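Chain IDs A, B, C, D, E and F follow the sequence of writing; residue 1 opens each chain.
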């Protein structure tokens, strides 16, 4: 069930069955010479939509498609929120969902750079309750899609060399499976990109001239992607069903 | 051309041809018994994607899918930003795009309730330049899709009675044309909903028990929607091409 | 009755009679070669004070005299708030008034550029209630003085050509009627000023070298002003009395 | 010269003569049974306008008429900004004035409760320059009208007993001199009000049931007020002329 | 009793005895050629820790060690918060302490430049209660250590000339008494430093080339410091005991 | 070298030798029945001060002693910043240090709950540069003291069972080594505390009634602490020296 393709009476009915919702969250940022700018939100969106298609009880909300990508701003097309802005936006999303009765809000994340800001946002939200000794009545969950059961292991088997940590063949493969018309061809030199610390955007581009970090994305195929999607969607569905079934807030 | 399905080198190349980008912007909010919660961002997204499909030079960015919908929070599924949050988010979007060289940022809007906040955000962004006597170098444009040439007139012809001002048959028709599997059937009583002032969410729901304002959305059909999309997309393409061709920032 | 010329026991007594207050709101900004910098707050202040003088039941608060005028900052004397600052200030004004029991707060506005920010502020204020499903118990009303019954028509009759949209003869006439010692004489070339989009201050001054937008303010006389004040004050008084008399919050 | 009764070319001309401006600043807050709610901004406005009337070189800006009065919110009619809001508003005022070339901004204050917030605002403004090792190029000056040369001594002579620290006979006398139609008559019991610490509004009203702090305002007369205005206006004019004449920023 | 050297059950027990806590607060900023950068927080920390050592009932919290020192940023080692940041930090400290039941929070301050910001923060905190007509239930107290009974008089006796207003011999003496290994030797020319207004950091350093304001700190000795500490600690202990014993919130 | 026990000329001289500074950062929060409320800032402060004592070139700044501890607010004595406040405070610290020429700012952290907020703050700081394509010229480094070389392994050898993840015997041992007068004795039941997710403060206290998470802190001794301090200080000194020696910003 997809929230934005539902009516409010349908969501009202769904809330009588489950207090759990999945929010795909990612980033619009450069992904090297061949990766799509939307890779980091397309991946969790693809996986979450696949999971709900096979599992009627899962509700998926709109995708949070602009994240914390300040270090990629040196590459055209990247759009980033400041951490402080993203914290406020997440606060408003959660306040809205919580008002309707959602108690378990599960963010399926596609961008490593979002993690600290999302976790800080969770603390900001909980703190409002903590300062006044109220029970927040919320379980806010952050889950990276590549850490769903078995997914990282599969990616490492698929790409034993040059998986890297940005513009990875696994995430590119996921988008190729669903957007075959947008598969890009480009050279990548060196084949495996350099690694290094993450600081500001000028520093980042100087260290990573084509945007990749330690990866060789040319290995990606739609077939790899389909395998990853299937496994991740299955894992997500199982995890969300367990969460929804847990008494209390798990 | 769709930004999130492009690579950064493709956007870099596009920027050598045009400094213009279209951002669909809307809201996730109740749209009465039969309208999708995503109606207000699906409509501008549908129209913008249609326009770029027929006009190679148009670049469309990711959809800003959560807007200012505080008055709809009394209905399950609505997700709203505060105006202050939305202003900060738009500031960050524009700062990112401007950094890459975009000079004409055209927001195609699907939600009337967004208008003041988007305009306030534009002023907030311009003010940063104005306080230090810099030239912002930006044309920020807000355009409601229903005000593209001929669109409102077509909708009035299609739905001479009960068009109303929220959960209108025209916007619902647009989503029906593209998401036929999500066409909803429900009763609407009274056939034409009441109107009234817009204040807080409790007040709104008391005045508009099923969420509609002055509309009879049951008149919508996918056929109506297809007509509206075609006309709006054509108008958008023409307008954006003129904008891109204008010297200076128009 | 003017709040700042009253004591707190007088306001306490007034609150037992009426929950309505009028707040003149405007801007301090350039108004072309002959218009006063205070024009946009002087006009609503003049009209509101006139209305209360003839109608004992109307309470007028202090004038909000600095508004959103970032685009006029290229001209000496303009003082502007950022939209985000103005939203916070309005939030504090309304919180103060609401605490005392005012339920209908009627902003009589003198500056078109304030409109989006004031409306965004209203939504920001209502949202605090909406996120927690409280009834705000407030009717926040924005009314431009030139849209009071008959006023715009009168101005168009008075100035059939060159009324324009900034530094208009009508608003200048209103100030001339009350501040005859401050009537200014200057040349205006061209007689009718150019129009154009509103962006940042440098851009604005380049398009509108003497500050006017589409207007010929030299037509203004104190006589015109007196006619406008009388009509607007009468309309305001009638409107506020109706509002105060309405059951609920209208 | 009064800014809001001037045109932008007049201010441009004035800036060639002087980089100094006076801003009356106060508060709208209860002033006991007989004091006007506007007392704290009317006093500095009255004095500043008097000073400029007799001294052509002095420029007076619009009055900042809502200040930091949270502790008076227990009394109807009080309107207060939060300190954080007031800091932002002052930042925007100063940014606007500084942009035009004003270098010495002299706030003539009428409300003791404003002092910390105004001083914090000055530091906030200076800090923007300090963090980047720029010269702010600004002298921000806070002056309480009762501390102008001789004024406090005169008030103590006029009212040797029961001057107190809020709703004082001296400030009420100043308003009586200029607003004779708004002189109020009421009982004050006890004749001299109690004193105590200033905390939140509920605490304040419990300590000061009629709003006065240590004062007997019934002693005020318009004659006292006229004496105070004359002395304060003379002192202000002398001080501002010295300031304007000082090389550098004094 | 020192909070950070206690366990939570010990604080819980202490709260049954007293609702009062002392927070040393200061600044990390240049103190001339011989003064320690930590002088302004070391002094109140030293005095508060001495007081609690001799008076079992006094609880001292962690030291707020970075304050508002924007004007000293021209000198290496100064670390400053903006006033707006410091207000938020104090709000969070007070919210935490208030939640546990502390009702009298006594800030022992070591930096004059902190005073407006601390007082503005108190108003900000109280305002949250005032806007909703709640009783804050808090007494927030600001006390400068040099204004404890007899301390300023002692300092003036110890240093009849060249005490000044920054990098004073008295405060330096206090640190010398407790940190004898950190006594510094340097020349100070002129012997007594100049005075002047406080604005931004570039302006400040131009007026005060070695950082001192009106002082000759070379007069300081550990002996002087020990006298000051003993007197101040005694005064603090007496004052805090009286405060704690007062019924209500004093 | 300790910044707050140095003068500004000493820091100026130090900056000619090294652009690196160490900032201990932690939290004031409950640490179970026997752990000090200051444990999380005392540990990095102890280790950093030990390292600088043996290695003349290392500069240590003041300790950031209140962190993000909202989940511990259910226990008396805990003082927490909101993440948003902590981000602003860190921004101001870094702006101050960067202004003086520090380029490598190394935060030695003592509290796991601080990690997301510190990392979000780093991104917030870098973003200011990234949005305008400036080089930030900063390396911001976050290092948890327990992850210094060999430290975690030593702790696991010292406490093979019941180390846990909050109120751990290792951190308590570190404080015992330096504050022997503050060693606390209390019962801990059950011997090894439960574990669970971290949400708001009410939820946390319900899951962890005495504040511990998975730990048996009664195993701690000052001897264990001394071993840990020695190893951590040695590792820190080596790491900071390498960092300072690296060309560029490492």
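The definition used in the following text is that a residue touches a chain if its C-beta (ideal position, glycine included) is under 8 Å from a C-beta of that chain, and two chains touch if they have at least 3 such contacts.
The shown structure was predicted, so the numbers you read here are calculated from the model rather than taken from an experiment.
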| item | value |
| --- | --- |
| Joint neighbours of chain E and chain C, given as chain labels | A, D |
| Where chain B and chain E overlap in contact partners, by chain label | A, C, D, F |
| Angle, in degrees to the nearest 5, of the Cα rotation that carries chain E onto chain F | 180 |
| Which of A-F and B-D has more C-beta contact pairs | A-F |
| Same or different contact residues where chain D meets its copy chain C, judged by the half mark | same |
| Inter-centroid spacing, chain B versus chain A (mean Cα positions, whole Å) | 24 |
| Intercentroid distance (Cα basis), chain E paired with chain A, Å | 47 |
| Between chain B and chain C, centroid-to-centroid distance (C-alpha), Å | 30 |
| Residue numbers of chain E (touch at least two other chains) | 73, 80, 82, 84, 96, 99, 131, 133 |
| Pairs of chains satisfying the touch condition | A-B, A-C, A-E, A-F, B-C, B-D, B-F, C-D, C-E, D-E, D-F, E-F |
| Residue ranges of chain E touching chain D (in the complex, touch as defined) | 68, 70-71, 73-74, 80, 82-84, 87, 113, 115-121, 123-124, 126-127, 129-131, 133-136, 138-140, 197, 199-203, 249-250 |
| Residues of chain F defined as touching chain E within the complex | 3-12, 15, 28, 30-38, 41-42, 61-63, 65-66, 73, 75-82, 84-85, 88-89, 91-93, 96-97, 99-101, 179, 182, 184, 186, 211 |
| Chain E residues within the chain A interface of the complex | 95-96, 99 |
| Residue ranges of chain A in contact with chain E within the complex | 131-133 |
